[in-house]
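Order as written gives the chain letters A, B, C and D; numbering starts at 1 within each chain.
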Amino acid sequence: MAYALQQLINGLTLGSMYGLIAIGYTMVYGIIGMINFAHGDIFMVSAFIAVTAFTLLAAADVSSIPLALTFVLIVSIFFTSAYGWAVERIAYRPLRGSTRLAPLISAIGMSIFLQNTVQLTQGARVKPIPPVIEGGFEVWSTPDFTVQVGWSQLLIIVITVIMMFAFTWLITQTPFGRQQRSCEQDRTMASLLGINVDRTISFTFMLGASLAAVAGVMVTVYYGVIDFYIGFLAGIKAFTAAVLGGIGSLPGAMLGGLLIGLIESFWSAYLWAEYKDVATFAILCLVLMLRPSGLLGRPEVEKV
Amino acid sequence: MSTVVFARHQVTATERFRDAGWVAFVALILGIPLIGLTTVDGGGALEVETRFGVLAIFVVVSFVGRLGLRWLIDTMGARKLERLRDDSNKSAGISPVKVVNILGWIALGASIALPIMYSDNRYVVDTATTVLIYVMLGWGLNVVVGLAGLLDLGYVAFYAVGAYSYALLSTQYGWGFWEALPVSGGLAATFGILLGYPILRLRGDYLAIVTLGFGEIIRIILVNWTEFSNGPNGISSIPRPSLFGLDFTRSPAEGEQTFASFFGIEYSPMHRLIFLYYLILVLALLTHAFVSRLRKLPIGRAWEALREDEIACQAMGMNTTNIKLSAFAIGAMLGGFAGMFFAARQGFISPESFTFTESAIILAIVVLGGMGSQMGVVLAATLLVLIPEFGRNFSEYRMLLFGAAMVLIMVWKPSGLLSHREPTLRLSRGGAAINDAVKEAAQ
Amino acid sequence: MKKTLLATACIAFGALSTPALADLTVAIAGPMSGQYASAGDQIRKGAEMAIADINARGGVLGEKLKLEIGDDACDPKQAVSVANTMVNRNIVFMHGHWCSSSTIPASDVYNESDILMATVSTNPQVTERGLKNVFRIMGRDDQQGLVAGDYLATKFKGKKIAVLDDKSAYGKGLADEIAKAMTAKGAKPVMRESITAGEKDYSGIVTKLKQAGVEVLAYGGYHTEVALILRQAQQIGLQLTVMGGDTMTNSELVTAAGAASDNVMFTFSPDPRKNPTAAPIVEKFRAAKIEPEGYVMYAYAAMQLFEQTANQAKSTKYSALEKTMRNGTFKTVIGDLSFDAKGDQKAPGFVVYQWKDGKYDYAK
Amino acid sequence: MSTLLSVRELTMRFGGLTAIDQLSLEVPASKITGIIGPNGAGKTTLFNCLTGFYKPTTGTLRLNHPDRGEIRLESLPSHRVARDAQVVRTFQNIRLFPKMTVLENLIVAQHNVLQRASKFSIAGIFALPGYRKAEGEAMARAGTWLHRLNLEQFADHAAGDLPYGIQRRIEIARALCVNPVLLCLDEPAAGLNPRESAELNELLLYLSGELGIAILLIEHDMSVVMNVSDHICVINYGRKIAEGSPEKVQNDPHVIKAYLGEDDEDEASGGIAA
């Protein structure tokens, strides 16, 4: 029981991170209907920015953790959203209105490009930083197992919840959210009604990138080791999460992320860890067979 | 219709500079964290190193590059307009179809002559063989994605099935290349149907992720099921194909003859390489003939119709389930053949050769080439294989160039390098009269 | 446009096929890019230094050496392509490749073209296929696993030991051998599983280790994952001792795992840096700000091996070189090298090391 | 007058919304039956039920096929409705295969015949005589309809690039290539100019009069419906509110109310005003 609880906490932490990245996929998909394969690499770039920022702080002898975290988050969000913007501007905007597959290939190219840029400019070696937040607390102690929650795990879950609420508010309550939703439903009509579609799309990419940046900072804090390759797996998992939850739906992305995190940790807890990705994809296939548009996705009714 | 307005806003120098300045500013922002700053290992902990010199160069290059690019685009645009203006009364020169056809024949001639011209150059023959493998894979995937419009991100699974089935049949049961060929293809096709069946209801991107997952599942199973596939160690010593029983070895096996001894020539390892090259060339040409023929048959037209409008297909009484499955099966079978050849040529396979990146590259070949265009696949495969090979001389920038090239080609030609679609059949009549008629009707 | 493309392609083939006009060309190949680029980097540094030194001595048989570098990114397909490039450049000797999965297919190409190679790949299959041109200057996974397994079974008798691998050819081979050796000594591992390399979250498996009461972890794979496992074990309050293979020599492990890296042991050939005859070379590397860790000295030794073989054979012809290398004994910075019939190093001698304060030393 | 199709108490619900409510209807053979009603009345839903795109909640759809006897349409998937029952439809928002040429569109419509002749494509690949004959026949049929609908000059053009009115005609030609016994046309006159409408009228009369194809016609353009229909059925809110000859329906108070209805102003514009 205690063991299961520990695995639950592990799963939630991992799932929160998948969820944060998945929201980026889902928002971009919602608005321009494309899979932004470079999103995982945007996340990777953000982790590198975070490492640089943390190292700078360490050099400047900043010891207050909240201060350091806030600084790193702001820096990382700023630069990462610049990357999100630039990727959209360079690789996707010229392709708007062409076939569905063109931006997909361009995105794959962008992903390879970003990965190699980082490898060249930052080096192929892994980047470790010393633990930022150490320690944790015991939740429950049984004779044969002690459940421990790290402060950093708690931080990740709390920040994810905050981000979730902030985003729901942003999308449902603000003028930007309205523009974003209207572009999602009918881009032509939205532009006829005076909404600057280009700007809305750019902003969506920047928002997606900001969330990836938050995830990037969290990864740096929690795992402490990053390399230029982390974007690939995280991207695929997060994309799977977005589809599982129903692509285009924000709560769906979060739910999908959490589910995948939980599936992974419970599968490796009780069954064979080496087949955990098979389990993830098999469950995805099953869910899609029963609900072709994901768990919380709006069923796609083709008007005949 | 109204007349086309040819006039265009003239860009002033100030605007150009402002535009380039903006680009340079963005370059600066993007450059600071990745170029301007870097972390290096300073004995147990990271230290930040600054490279503002390099950053400055990067920003200046962006500025100048943008100015140049803008100027180039504008001049090209102006020239294009010029040409449009000239052409608006005349008809176009040679049709693109003819050009592609001529190119096709040239490419065929070149590919037949290549090993003769480079008969002592392993590298060229071998790289050309790689190109042809990708061409074949591209043609196979073209059936699924280009013709039937089903987005498949896990095509490498069938490639793996083909490769492993030959590897296992030959190393475990002593089958030869030619006996195993139909079996490998058949197995891959079966997998195509097995994958296709449960996911027929899925559309577009949902299909994409499930196929991606399928590709990964196959790879993970190959890695983990050691008893079956020898896991990550892969399978080595896979026998090479023979030419009607003639092996390409230095010394013949008991009671057999080698290629060299049969023809009474001196043994050279190049013989096998050239043989493999011609083998894949023949396989690829057969694939081409097969797919081109299918395209002109009811099944091929049904695939294209499916890509265009699934609902309308149903309304015409077409069984879309069967059509989709046949596309999956035939695409998978061709992938299986290519995989089998790959195994025979490498002599060694391991799950590392069947990753998602491979699927992505094959898909990129189809899309860059122009969906559904057979010649486009050839062009794109050649480019995508040769770009990283060129890069070998500046090895670190190799994959960087590759990624950048994918983005640039797509932005430059969003519908692919050769996007012209040739009708599968024509009503035998001239073209000019129709053009006039359409214009008349459009007014 | 299309014609230009075709023309470029033709020129390209022409350009790529021009053989390099070098005096005597030797080559290294390995992952210069990609996930394992840091290993490729070590090989390059070692080889470059060796070539400079040899040329300073006047080269081999009066000819200067020229170094070609091939990048296979640990991808078997690219490895074959690299091998073919190297054949075209008329190399006489190859040090590489690094990943076993690249070395195996590439060695076929070198074999056909009569090119001698000395590799550090540890998979038994590298030399088990009877290729005459393949030599290995490093121990084999089965030997390595045997040493590690024995050590674990005797030193950690009675403790719960788990064996994990990362599903790579190298990692799984090593882990399998360790598990086999342990079982043979009567210390059956309590757990035998695989993880996926390249992920960052191993909390699931780490918790599982904690639940099973595992104190010692034998791991087949690369250092990055070990660092992550150690960090995540600390988070849930699990003290782990890790036993790994030669890849743990990478100092990234220390930066990544911090103090926990003191719990990492690994098997590796006797440290060439400790070799008294190697001392001047070690000094030279350090003076050039290169820590001669991991594969640096091996690359250096491979070049020495070639130099001495050619000098003894008084020829750079393949048959002469092959015969000399198989029968001779060579003094290199990693000790005296001689080979058995398969091409494996005769005295591989694996030793168990332990990290301590950012440096590794023989374990007590 | 024999009945070709009889719809009995057809009901189609989407969640809480009842799109068709207990609708019964007889479609005679070789005649044109018009279906009119305000927007949202359930006309297209009726077509969707008929052609297998929706599964009706309750009710039966019996087709008296001249060769194959009685066929229950509600139990067939959409492609079999067209293939086995030979009930073929067009779409309100034209659904051609836009990148394929007009001729190809018409050949694709004959897929089943050709596919059978190609014997799993094997006879096709080797161009065996049996397949070549079938292909020749398909071309001839396509040619006939291209000629009849005056589309010959567009045959080799991508269908999607052609003007709207022509696309409408292509869609009808394509449906005809399936060899229908019942042709369901969903607003075929929408977007046509008066000249084209007149041509359409003539075509519809030819199809039912000369070729004996029964036609079910949804149309807002009263000049078409009233001129060609033998029989008209008016539906509103999923229910049949009137039925009979064009004259009778035109004067039916329920119909007038439905179209000019006191409270539903916006619906009126699509109706009789056209």
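Convention: a residue touches a chain if its C-beta (ideal position, glycine included) is under 8 Å from a C-beta of that chain, and two chains touch if they have at least 3 such contacts.
Note that the structure is a prediction, hence the values are computed from the model and not measured.
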Practice item. Find the chain most remote from chain D, comparing centres computed as mean CA coordinates. Key: C
Point to revise | Central subunit by CA centre of mass proxy | key: B
Practice item. Out of every possible chain pairing, name the one holding the most C-beta contact pairs. Key: A-B
Study note, to complete from the structure: Here the gap between chain A and chain C, centre to centre from mean Cα coordinates and rounded to Å, is 36
Check your understanding: Once you find the CA centre of chain A and the CA centre of chain D, what distance in Å lies between them?
Key -> 48
Study note, to complete from the structure: So, in whole Å, the Cα centroid of chain C is separated from that of chain D by 72
Practice item. Give, as an integer number of Å, the spacing between the C-alpha centres of chain C and chain B. Key: 34
Review point. So which bits of chain D are touching at least two other chains?
Key: 53, 91
**Study point:** Per-residue overlap in chain C, given as positions that touch at least 2 other chains
**Key:** 33, 167, 194, 252, 255
Exercise for review: Find every residue in chain B that makes contact with two or more other chains and list them.
Suggested key: 41, 45-46, 223-224, 311, 396, 399
Point to revise | Touch list for chain A against partner chain C, complex | key: 3, 6-7, 10-11, 13-14, 116, 119, 124-126, 128, 130-131, 136, 145-146, 148, 150, 152-153, 219, 223-227, 229-230, 232-234, 264-269, 272-274, 276-277
Practice item. Would you tell me which residues of chain B are touching chain A in their complex? Key: 26, 29-30, 32-35, 37-41, 45-48, 145, 151, 198-199, 201-206, 208-210, 212-214, 216-217, 220-221, 223-224, 311, 356, 360, 363-364, 367-368, 371, 396-397, 399-400, 402-407, 410-411, 414-415
**Study point:** In the complex, chain C residues that touch chain A
**Key:** 33-35, 37-38, 41, 167, 193-196, 198-201, 203-205, 207-208, 210-211, 224, 227-228, 231-232, 235-237, 252, 255-258
Review point. Where on chain D does chain B make contact in their complex?
Key: 51-53, 77-84, 88-89, 91, 95-101, 103-104, 107-109, 111-112, 114-115, 118, 121, 124-125, 139, 143, 146, 152-158, 161-163, 166, 174, 178
Practice item. Flag every residue of chain B that touches chain C in the complex, lowest number first. Key: 41, 43-46, 99, 103, 106-107, 110, 114, 118, 121-124, 126-128, 130, 223-224, 226, 231-234, 236-237, 269, 272, 346-350, 352-353, 379, 382-383, 386, 389-390, 392, 395-396, 398-399
